[in-house]
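Across the two complexes that follow, chain A remains constant while its partner is chain B and subsequently chain C.
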Partner chain A sequence: MTVALDSNEAPAWRTRARQMLAPEFVTPAILLAPSVLLLLVVIAYPMVQGFFFSFTDGSLMKGGDVVGFENYTKLLTSPAFWHSLRFSAIFAACNIAGCYLLGLGLALLLQMDMPGRGVFRVLLLLPWIVPSLVSIVSWRWMVNDEKALFNQVITLFGGDPIYFLSNSNWAVTIVILIKIWRSFPFMMLSLLAALQSIDRSLYEAAAIDGATKWQSFWNVTLPQIKNISIVLCLLMTIWSVNDFDTPWLLAQGGPANATENLVVLAYRYTFARNDVGMGAATSFVTLFVLMALVFFLLRLQRRS
Partner chain B sequence: MTNDTLLKRWGLTGAMTVIVLLVNLPIILLMLNSLQTTEQILASRSIIPASFTLANYEGLTNTPFFTYLRNSLIVSLGATAFSVTAAVLAGYALSRFRNGLLDAYSTALFAVQMFPIILALIPLFLLFRPLGFINSPVSVIIVYAVVNLPFVTWMARSYFDTIPRELEEAALIDGCGHIEAFIRIVLPLSGPGLAAVSIFAFLFSYNEFFVANVFLRTTEAMTLPVGIQMFMQQFSTDWGSLMAAATLTMMPTLILFLFVQKFITHGAIAGGVKG
Partner chain C sequence: MSRPNFMRRNMIKLALAGTALGLCAGPALAQPVSIDFWDMIWGGPTYPAAAQALVDKYNAEHPDVQVVYRSVPWTNWYETFVTAIASGSAPDISTGAGFQAVQLYDQGAIMPVDEVVAQLDANDFAPGALDALRYDDHYVGLPWAVDLRVLFYRKDVLEAAGVAVPTNWEEFRAAAKTLTADGKFGLVSSGDSGGMHWILASSINNGGGLFDADGNAALNGERTTEALQYLTDLKTDGSVNPASVGYVNDDARGSFFRGEAAFLLNGPLLPDQAGGVKDQIGIVPPMQALHGDVGTVYWVNNIMVYNQTEHPAETMAFLKWWSDNALPLWTEGKAGNLPARQSIQADAYFQDNPSVKYIIDTYLPVSKTMSAAVGGTFPQLNEIDGDGFLMSLMQSIWQGQPLGDNLAAAQSHLEEIMAD
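And then the complex of A and B:
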């Protein structure tokens, strides 16, 4: 104590407090205030409250009693949960693979010199920008019944019409196709920007060393876009797991719950079965699954 | 230029045209079908319709379509005002200052991107109900403002990064405060950037379905995506009006998008990568 008083330096807390009041700190704090307030109301408060709800048995009409881990045990032992977890995983994996291949392929094409390139770039973004409802209406028409486009093509080649929306496997396939269609433009656009930022001299050096086009793609392009690719896959994972619109609007998670992912399951528990506790527990498990995936992908990125 | 490369370039254009048409086929079919009656759509065997009619569009006047449209506009404009105000202030702070608070806020924004919104909806539903916000634009406006926040803030920030600091420094020397300098010097220069950011926030909110589906449950309150989904269930056989409604819903999106498409790369990349 006496030592501290003897020295000329102010105690650490006072220095900190002074820093807090300095204009370099106060001005950004004021500028951030509205956003932080919004985040507190819409994210932080519901998060804490939802965590509490996941341990109760309330409904949308009245609050419930604390039931401990009952919701979680019920959820983790229900086949519906494991089914939707599996579907979420397949959905995300197919979406990432499909979007990456399609996005990278089209980005490479768009990089080439051709008349009308700018127009093509804009037109390829349309599936991403139209409202989810509109894209589902347009796709549903194409797979609706035996007279719809897909079946007309199939019968043209002599096949039998397929009832896409009443067959589980086909419904899963269609939901995945629609999701890829809706989200590849973002991948394409981001990869295009990454490709354009690669230093041209790297390709010249590769050409001097006698690399073929394929070799310079494999040894120059891919390593250069590796980091942004991992970030993009991270975003795609998050967006696919959290997607409600595509499975719900196509067939309300059907047929026979085939396209029910974790979010649709949580929605059903809460708003169809009026079980707030189970809905909140499902949402939290979804968050944990996501956090585990994100953690894994970030480790992967750091290692590279 | 040799004939060979010329041929190759135009060959690529041809191939791209086919790809673009294939990719956009669902949207093209939707628009073509909206110009046919349901009977014609169901009987049709070719992609190009034999005759066109506006009957479906006229029929929409007998449906709540225009109520939905009005609600959509109220909700989207409200959410845009909210989120752009918050995001522009925060984007300016992120662009000009650097400290622990801002780093924490950046991380929070990234977390919002990955946050499963369903998690917030249940508690918010219970919070909003006694306040009378369910079936009112207020509830969705508040939630959209936050859903928009990361992207819109990153866009605003990358725009402010392009405005030279020297302009404010001069004002600071003349005795202006930071916030005053921002309002009097930087904001008036940010017109085009703010327009792009606003259109983005508007598009997000106008297209959104999930949140609106939870909070807006009466015909009087529904926005277009939710309302049309009801169409889909009620008139499941009436493809003509469904497609006309979907086409009309999509139009403002397409038109606004053309104005801002060149800003997309900026916001998307800056946001996704800077985190």
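And then the complex of A and C:
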């Protein structure tokens, strides 16, 4: 006797559809829909459109014609691009190193029980709190000529004035230092939170084993904050590469393009040269570079 | 009379009365034509108020038109206009940067104003001003002002050092070097567009410029290269305030007003903006350059009409009125440029001002635009003016870098712009 096939069995897709329409799926989907829609409108669509623009020769007023990879070829063969990439790398690396060391050092200090710790914590956050325009313009006034505050101090101690914004090397240096000053509070605050979350018994165990303070720092503290450190470096890399305010407000990307990073270069192409295609191409190359870095750092974090 | 008939008659009467009332009210309810006028800030804080007052006067005299005035700061001015145009919300009329009209015209955004030019006396405009706005056989804008670069000096500084006012480049170089001592410098400049103007002014002064007679990029032309080398020599002499590279124009002006520099290249109304040291500021006569040429750079500030206007006739009419009645922009608004109309220049406000009169009489006749040698106007000029590569070149010169490679890079970039 043969067994008759069940002709009423539902196909797989229908079963899956029924599952998707179950309350446990529908409710979160409805709740997520506004956010997803918002992301599509304000992020995805502009990115797609911008990516399309990078293949055109359009201006701010006209869409232009599709020119294939011409913009990317032109960009990658442009000395200005490689200069901007180099400066962006130096700027980001120095900023990450500087604000990490400064932030970690201050975070370690603020961990200690000392008078006025709360006040110091607030004061140390000020560089992050003050609007960028205010802080950067104030810095500019402090460094821009022989009568500026910095040079008043230098000449007071018998030195010669340094024209920080009038020399390419000094301009790069001062831009980096100001960026570190603006960035370290975030690093400090985040690392302080990470330090405070470390289990104290680990230090006690290390002390019992005879570890010195330096050994405890190297073998307990650093490993414990490694993951958050990677995330912070990731964020700081993104913010440094994408920083328009510091080089622009301080030196307009000068002198002689010395402080022109990729973002300033994209700005120049788009608004100074009316070349949206090149501006978009520069922006997307910057994005690709950042994505590669993000990928590398995330892999590093997962391995740890 | 029956009731239905009575009602019908009354309804007819009401209808007729309503119609009559509507016809009478029609003109009173008609809306005036609205014209959006965007105006750059061409002076200090008093300028926008004076311009608004002038617009109010026009509105009072022309009740059928309502001009809505908007003051536009120079910061990000280009983005302001191009995004407005791209989004279909351009003004009906605006003033703008020297080459804004021609670039926007080339991109289809500007309406020629030939009909207004035809109503005006061409000879009333400053020499070359109309030509500076002529492109593709049309006037892409109407000249309303001219802005030129003049070399000023500190009378007190030169007198204290016993230095005569220079009359040629050789004398200027010697004077600047002599006047550099004790924390003061021969000249102060800036790393922004104010510094770039040294390139333009000096190259034109020396009979060169950015182009040759055929319109080709010629930043590396003989006369221009000589001028740039001259600027390099000034730096080598130590005559240029080292802070100039990092300065913006306001910094340079401040330094000059404080007497920290003997010479400054700036706009024509600088003395009037100098406050208490006004009487200490003198005008260097147009100097003879290396080969005896005399000249400086100037920009013809334009006022332009947009294709997006829905009221071209009214806008053109306002444009002509504005041109004819612009004097208060200077007398009340303290605009920092000079009128393009010679009939306005003839006003006592300018003629009774010794500095301004001298500049009108001696500098304006020898002024040339950025298109010197080739003449006219073309869209690339706006890009050249806004690109920043000439600023970078000037910054490299003021840093004392060798001219060769930087000039070659700038020439290459200029060629690239002209090829677009």
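Worth a mention:
Everything that follows uses one rule, which is that the second predicted complex is superposed on the first by the 294 of 304 C-alpha atoms of A that agree within 3 Å, B and C clash if a C-alpha of one lies under 4 Å from a C-alpha of the other, contacts with A are read in each partner's own complex, and residues count from 1 in each chain.
The rule we apply is simple: contacts are C-beta pairs under 8 Å (C-beta built on N, C-alpha and C of every residue); 3 or more make two chains touch, one makes a residue touch a chain.
Quantities reported herein were computed from a predicted structural model and do not represent experimental measurements.
Contacts of A:Phe284 after superposition: chain B is touched, whereas chain C is not reached.
Of the two partner chains, chain C is the only one that A:Asn257 touches; chain B does not reach it. In the superposed model, A:Ile129 lies in contact with chain B only, and not with chain C.
In the superposed model, A:Ala171 lies in contact with chain C only, and not with chain B.
By the touch criterion stated above, A:Val66 is placed in contact with neither chain B nor chain C.
The partner of chain A that touches more of its residues, comparing chain B with chain C, is B. Applying the stated touch rule to the two superposed structures, the overlap between the chain B and chain C interfaces on chain A comprises residues 60, 271. For chain C in complex with chain A, the touching residues are 76, 78-79, 82-83, 85-86, 103-104, 107-109, 183, 191-192, 241-247, 251, 255, 383, 386-388, 391-393, 395-396, 398-399, 401, 406, 409, 417. The part of chain A that touches chain B in the complex is made up of residues 23-25, 27-36, 38-39, 41-43, 45-47, 49-50, 53, 60, 106, 109, 112-117, 120, 122-127, 129-135, 137-142, 147, 149, 152, 181, 186, 189-190, 192-194, 228, 231-232, 235, 238, 241-242, 244-245, 248-249, 263, 266-267, 270-271, 276, 279-280, 283-284, 286-287, 290, 294. For chain A in complex with chain C, the touching residues are 59-62, 79, 144-146, 163-168, 171, 251-257, 268, 271-274.
Contact residues on chain B toward chain A in their complex (touch as defined above): 9-10, 12-13, 15-17, 19-20, 23-24, 26-27, 29-30, 33, 42, 45, 47, 82, 85-87, 89-90, 92-93, 97, 99, 101-102, 105, 108, 111-127, 142-143, 145-146, 149, 153, 177-179, 182, 203, 206-207, 209-210, 214, 224-225, 228-229, 232, 239, 242-243, 246-247, 249-250, 253-254, 257-258, 261, 264-265, 268-269, 272-273, 275.
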